[in-house]
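Before anything else, here's the structure in question.
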Amino acid sequence: MSRGGAAAVAALLILLVLPPFFVDDYVQFILDLILVYVMVSFGFNIVLGYAGQLAFANAAFFGLGAYTLAICLGRLDWPFPAALFAAAVVGGAAGLLVSLPALRLRAYYLAIITLAFGELLRWTYVHASGLTRGSSGLGVPAISIFGIPVASDRARYWLFLALAGLTLWGSANLLRSRFGRALVAVRGNEAAAAAMGLAPAVVKIGAFAWSGVVVAIGGAMYALLLGRISPESFGLSQLLLHFSIVMIGGLGSLVGSVLGAVILTAAPELLRDIPGLEEIIFSLLLIGVLLFMPKGVAGLLGRLALFRERLYLT
Amino acid sequence: MALLEVEGLSVAFGGLAALSGVSLAVSAGTVYAIIGPNGAGKTTLLNAVAGYVRPASGRIRIDGRDTTDLAPHAIARQGLRRTFQNGGVWGEMTVLENILVGVDHDAQSGLLGILFGFGRDRRTERRAVAEARAILARAGLAGIEDKRVRDLSFGQQRVIEISRALVSRPRILLLDEPAVGLSESEREELGARLRALAQEGTAVILVEHVVDLVMAVSDRVLVLNSGQVLAEGTPEEVRGDAAVVEAYLGSA
Amino acid sequence: MFAQLVVSGIGQGSIYALVALGMTILFRVTTVVNFAHGELFMAGAFLIYALLNALGVPYAAAALAALLFLFLFGNAVERLLMRPLANAPHLSLAMMTVALSYLLRGGVRFLWGGNVRSLPPMFSFAPIEVGPVVIDAQDAVIIASTAALLVLFFALMRYSRFGKEAQAVTDSTRGAALVGINVAAFQRTMWGVAAMVAAVASILVAPETMLYPDMGARVLLRAFAAMTLGGFGSLGGAVAGGILMGIIEQLAGGYVSTAMIDIASYIVIIAVLLLRPSGLFGRAEVVRV
């Protein structure tokens, strides 16, 4: 990294650390939520944008992360780091599991099987009430990290910032490595990738597993933020939000995922008060992006040459 | 012993025989051409050898090891590389990245190292890039390494595809009509390059329409017609074969 | 009890069969898997509800209006949303249908709210009793109508020029264009036809079931289960799979637990795709990469 680049990163970090000193509780909540959705959309983008696989399991990974954290903390009395680790592992395992059919089946089967998987999980949250308290929802206790309580909204924001920062930094490195190249190679031309000795199946499994890890950590953060989770938070409207963030931000773009999360999470609460309005607005945005702006906001910015991102996808 | 042996290979698509009872043997350090009219089964033969098509019967061996039932990537790991008739480059990647995918193959690095950029993996990455640049320089592509492949000419894409296939020094190289779309001088260059490869010990297998190129560079030629072997021998033998002249060369 | 459950299953399954059939028709000529098909069915049902309740038109008129409206709507979707993406990656086409599904669901929720609504039963004649089995009047109508429609549909596919064109486009769009079929126009018509088949299902169930905005998503997954069971892309398979799915659901509900009704289709999808991806009737398909 050049000296200028390092200075820019340092400045950005300071900017990101400061907000809790200046904003009220509501804005703080929105900022936390944005960090959650940055994780979610980024993880989804690995599967949808980088691997080019149509899968509907994202809300399922999200829910698994949230429930695993809540159960490990509240039911098993695990310390937070262990519970978080468990959430990530469960998410990764779920990613691995749903990708298995992707290996030998045609593309649309994957979409269907992941849709079924997500609904099956939601049914399980409702019916495994001994573990999840069913529809009435499961509370998430306050946490502490190695004895230090995360008591204030401020502390929680910094925790989220650290989690998101580490995960995204790692993922960015991953996508810039040979693994990222392999992913794009498999997406671009599977036969040619195999001809170079890459096992397409292994590459896809890797993408799904990592996606599961990232999204589940996002889900765990979501559970912490809300303090109580219930099955209906992880259904089709959650999935629509994930789709919209990724597509509107920009398929296959890291920066796009961040932009999409900021834009859609900051969307006025008003939308949620009128039934159906959120669905209408988001789906119209989605249609507009598909028709007129296939690379999303990131693509638009790229065209204006305001910034350049090293993408393997355009 | 031959490096690549194909024995009694038959392939059928929905009941129609695409290949029946094809056998051949290719030694290291030779150029072996497969010719024949359209629909003779040339590409099917390449696909079967590389694992993309499952044969109905017959065996394929690389260096004595049976590879008939292996998946394409597993066969590739036996030291076999191929190019595709319609081009197998990744258009959305840069030239350098295309080559890097070939180089990556030898890299050894752990997940944590990749995620958080530990020193060893940084070095691996830097070494891979340096190697890829060197390969591009040797192929005369040094100036365009950061261009997107899909913005390049067809001929350049071809060169990139072949360079990529050569990165890990394959023992066997399958080329599916590499001369299509190349100019006269580019063809001559290609021919010289194939001979040089054979000199270094690679077994080059060439499916080609351009008869002049085949006759100039090949050590042996196999003529396919309707999925069956019509003739096999040195270019001179094949050129003199009455059946071949009748079925193929005569009408060309 | 077994026979009773099977009969109810056939009634339920007829609806799944119709929805799966509409999706399969479209899939064969456009290779698009329409994730909005369940919502077309849902929108049709709400349209009938609105016409009956707000305007007080007779049921037959409402049904006709639903058929016509969905045919036109299907055409419009093709022209405005799908055609512009003709050269886009397949992922975009599927995403577009996903977006459409949410738009329809949101639209209905916006207009009618999230509450469950219902219509008075269309037929009031007494249930038919065959030995110990009681066939509900509405079920009888659904089963008979579905059977009649299927006979008509398959006769059309087999004997009419339209059916032959559909087969040609299914086999190869380029080949179909060569023999003079306007493929784009044909695909647009098929969007209309597929939407109309969804409307048929709406007409049959509207008087019997609860109407709510998420009913389409529920039926969509069952239709997917039907298509998976019958072999994806097979018209006969979609119908057989749909009816089988209805029966499986009822038997699971009757013998295991009513909660099973909700997840029987998910389990069927996952099990069939993992164990026998070509479906119960299809031939094994080897994808080798």
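Some observations on this one:
Per-chain residue numbering starts at 1, and chain names A, B and C are given in the order in which the chains are listed.
The working rule: a residue touches a chain if its C-beta (ideal position, glycine included) is under 8 Å from a C-beta of that chain, and two chains touch if they have at least 3 such contacts.
Keep in mind that this is a model prediction, so the values were computed, not measured.
Here the chain at the heart of the structure, going by C-alpha means, is A. Of all chains, B has its CA centroid at the greatest distance from the CA centroid of subunit C. Subunit A and subunit B have Cα centroids separated by 41 Å.
In this assembly, the C-alpha centroid of subunit B lies 47 Å from the C-alpha centroid of subunit C.
Here the spacing of subunit A and subunit C, counted between their Cα centres, is 32 Å. Contact of a single residue of subunit A with at least two other chains is seen at positions 191, 194, 200.
Taken residue by residue, subunit B touches two or more other chains at 51-52, 71-72, whereas all remaining positions touch fewer. Residues of subunit C found to touch two or more other chains are 289. Interface residues of subunit B facing subunit A in the complex, by the touch rule stated above, are 50-52, 71-74, 76-77, 81-84, 88-93, 97, 100-102, 104-105, 107, 109, 114-117, 121, 125, 128, 148, 164-165, 168.
Of all residues in subunit A, only 169-171, 173-174, 177-179, 181-182, 184-185, 188-189, 191-200, 312-314 touch subunit B in the complex they form. The touching residues of subunit A, when paired with subunit C in their complex, are 48, 52, 54, 100-101, 104-109, 111-113, 115-117, 119-120, 123, 127, 190-191, 194, 200-201, 236, 240, 243, 247, 274-280, 282-284, 286-287, 290-291, 294. Within the complex formed with subunit A, the subunit C residues making contact are 33, 35, 81, 84-85, 88-92, 94-96, 98-100, 102-103, 105-111, 113-114, 213-214, 217, 221, 224-225, 228, 232, 259, 262-263, 265-267, 269-270, 273-274, 277, 287, 289.
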